[in-house]
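Each of the next two complexes has chain A plus one other chain: chain B in the first, chain C in the second.
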Partner chain A sequence: MAEVLLSQAEKIFIVHGVEDNVRIDGRSCLEYRSFEIETGTVSNASGSARVRMANTDILVGVKAELGVPALRKPDEGKLEFFVDCSANANPKFEGRGGEELANDIASMLSQAYGDKNTLDMRKLCIADGQHCWILYIDVLLLEVGGNLYDAVSLAVKSALYDTKIPNLTLTTNEEGQVEIDLSDDPFDYSEIDVENCPILVTCCKIGKSHVIDPSVEEEVCSLCRLVVSVTRTGHITSTRKVGAGSLLPESIAEMVSTSREIGISLNEALLNKLKGRI
Partner chain B sequence: MAGMTMLSDQGLRMDGRRPTELRKLSCRLGVFTQADGSAYIEQGNTKVLATVYGPHEVTGAKSKALHDRVLVNCQYSMATFSTGERKRRPRGDRKSIEMTLHMQQTFEAAILTQLYPKSQIDIFVEVLQSDGGNYCASINAATLALIDAGIPMKDIVCACSASFMKETAVVDINHLEETHAGTEIVMAILPKTEQIVFLQINGRLHEDHVPKVIDMGMKGCRDVHTVLTQTVQSHIADAMATMGE
Partner chain C sequence: MPQDSRRNCHTDESYHPDRFLSICKFNTQNNTTVINDNGLRIDGRSSSDSRPIFLETGFVTRSKGSSYIEIGNTKVICACYGPKQLQSKDTGLRKGVLSCELKYASFASAVHKTDQANMLEKEYSVLMVDALSPCIILDRFPKAQVDIFVTILEDGGSAFPAAITAASLALADAGIELYSLAIGASLQQHKEWALVDPTHEEENMVALLGECTGSLCIAYMPGLSQVSMVSQQGYITHQQLSQGMVTLIELCKDVSTLVRRCLVNSIQRKGQQESSVGD
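Up next is the complex of A and B:
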């Protein structure tokens, strides 16, 4: 089974290691593991990406569909996050077992992307109050092995980068209604500007220190985690405390600033990778 | 007119295959480390991932345990982005439930169930991309995952679909052919004994043609079997090599 059981001695070993800035896999506290990104893996989706980070495996598919804008925001498109915890990852997710975790991740993502400056939603609007693009961002957890939030957000950002939205031609008929014509040319598309899309960075409190990019074993040892969504420019769009423990305001401030620094460099590295600069 | 274009005068299908030709089949065993067994299969544009957990203690209600054989628990789900039009739910819809049931029947026939009484084997299948023949790809992936998990079976279950168009039986149909041809037979066999463990005929097919199409399906299954066996053998050879004899 997929869950990790650690004895007291093993936990102490990890905690003492973290105190001395050495982790069980040899990293220092603020070091990120290397991970794999693959874009355009699902041909049925408008955009897709797969991220594999140690034992965590995430597949994200983005589908662009035509819809009607919300009444309150007639000039904006919509983003819909949906997370599916596949039973492949953990037998506990069978049936509706993974729904709680799935909703948690989906709400975290929609909060992180809720800020106006992350994605220009007005670009997704086709005709004011009548037509807009709805981006369905479907996250599929194939294997869960620590640092889930970070991996999901990296995959989402990569999939959005890969997303191709077909160009449309609009004509207005006699009744003032807008008619949409979809181009036949599959290469006639526009892309989404993901420069300011946030990335979630999990900061894990273990003993007195904090750790970035925790493994499953470290997650078991930690009292609580702070998930911070950071944009390329270092803006923080949301934060959430995950786990049962409690934190002092000072350590929250410290953790947020650590996550922010990591988030900025991670964003930079991801964008460089996606644009093929490395 | 649709029937005319399905099979050209030269005897080629829409994707350029001959009637007896399978789509490109590539598979991998042991893709995940956490599960007891896992496999990934690509059958043309259909991509399926299968994992197996168990045999383990029965989860949930203990009353589900069977005193004389193992409980085969299956779940078939499709990623919401796997189809042309977005699916609203990955599982729980009628088709998925039906698929789950069919898979369960197929594997109950293939696994040596009497070896693990009062236990449970979980088979989870996830369709990542769908382009026809989902059931066949799922069965083939699940078989490989079961082999990876080391669960004893009577034989390697192989599944394949077939159809009938322009007086010709064709094998391993894709989504386009599935929607246009009208008939589809789906079958799973145990190749060694040539026994059919699953057979389903969708749509209209004249009685006289049924044997022809079934024969074509059988042939497809045997071809699939060749590929699966090769994969398993090379996987085991690799595993042996890493162990150093």
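Up next is the complex of A and C:
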């Protein structure tokens, strides 16, 4: 994270404000900032998106490649998440410095997308046990300025929506092997159903209350955050506590239900935007 | 943490012969269920029963504190070293630093350790720091660090929560000042059933059967009545999550009395040894 130094008085100012439902940028505790989404920004990828939320800037590219399905799941494709922390975002990320954060985000994303109800992996299978699509989802952190997990998940979902997978024709030769033909028409493609893809919602415990979509200053003030991944239908696909603090069981329940409500409306808003309904 | 790739002798070309069996087994298992009509699981427990637990301290004699825990077939050994001088450059810290390293033994599960397991180790190590740092009074040793090394000798299911319990037991055995112990517990959600303390088979089977399943793992600090770690994955509803949390907290409270008794016993034993040396 970008280094933000706050004095004790500044911290107290933020904490007291949050307890009175007023934040330093004028929002209330459960208000989300507006953010920009741009899809199709990378020409060499099958799908891509860029999300800019305050000072956080995320670029995601999805590449579809052919591979062999896993032995235990012969009728399913694969998703691979990679996160790259650019040293532009923070000099600390130079060399292997960003590895821990990168692994953390990648594992959180693969947990959130881990269930078959989120993304139908069977549609990514081409021939049972022989060929499948592997989606490489590469996340590049261009700038880090608060609420990183939410921004990354929004960018990933948008990039998946933008992903175009070319249609293939399959023929079986005399030896019973599957042969693949790719048509040369660039507009002969299918899209991925992202309706039920989850979004990560970070809920930040500050003082006695909690806030959604924290800024960098607010993240410094809080000891612990709860990251919840929510689908459009309100199912929860993963939950994780981040940071060194601990929470009362009651406040966890409260924070999860807040994140769930925010997650449902955020999913709805994102899908509407992507489909050009607004 | 340096990773030496040469020490992992696993290659991509080899696989366990069980793979061919398990596909057939899985196909037939569609008929069998994780939980039968009487509400009993494969090993005869009810959904809210946990397995028998064995705890012991002082297993690693050279370390400051150590512990060994057995829950059913799961066996975990843990050693704690320090506080010692901080190695990193951030020496301006007013608080101590906790570092955790969790390792699966190569023979911990039926299948030989894979690259995926290595990723899991890293993830668990990070989660473990999150779970344990709230319970240590880190202000007591500024500019110093405490190291915890956990090895999972056998993974019979619920290995990570067992590792958390083992680590807090080792911390207490090392005499490091704590606000509270941290007790780990996990459950596997299968349809409407919440299977507490799942075995390795149940963890795998539920994942394969699919349909509204999920797993939840928490670390609870009974001394402060607070939860220090939550990790959940799967596809479950909000109600199932909060209900699961309540169930697990009850289990953690039960386990914590056992952990305390184990600590009292170990101190009494040390006292007796010292007095016999004195004579």
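Just so it is clear, the second predicted complex is superposed on the first by the 276 of 278 C-alpha atoms of A that agree within 3 Å, B and C clash if a C-alpha of one lies under 4 Å from a C-alpha of the other, contacts with A are read in each partner's own complex, and residues count from 1 in each chain.
The working rule: a residue touches a chain if its C-beta (ideal position, glycine included) is under 8 Å from a C-beta of that chain, and two chains touch if they have at least 3 such contacts.
The model shown is predicted, which means the values in this text are computed figures rather than measured ones.
In the superposition on chain A, A:115 makes contact with chain C only, not with chain B. Judged by the touch definition given at the top, the superposed model places A:42 against chain B, while chain C stays out of reach.
In the superposition on chain A, no contact is made by A:56 with either chain B or chain C.
Once the two complexes are overlaid on the shared chain, A:243 sits against chain C while remaining clear of chain B. In the superposition on chain A, contact of A:226 is made with chain C only, not with chain B. Considering their complex, residues 15, 19, 22-23, 119, 122-123, 126, 130, 133-135, 208, 210, 213-214, 216, 221, 224-238, 241-242, 245-246, 249 of chain C touch chain A. Remark: chain A residues 71-72, 100, 103-104, 107, 111-112, 114-118, 226, 231, 234-249, 252-253, 256-257, 260 touch chain C in the complex. Interface residues of chain A, counted against chain B in their complex, comprise 1-2, 42-45, 48, 55, 57, 59, 61-63, 65, 82, 84, 86-91, 94-95, 136, 138, 140, 142-145. Remark: chain B residues 32-35, 38, 45, 47, 49-51, 53, 56, 59, 73, 75, 77, 79-84, 86, 90-91, 122, 124, 126, 128-131 touch chain A in the complex.
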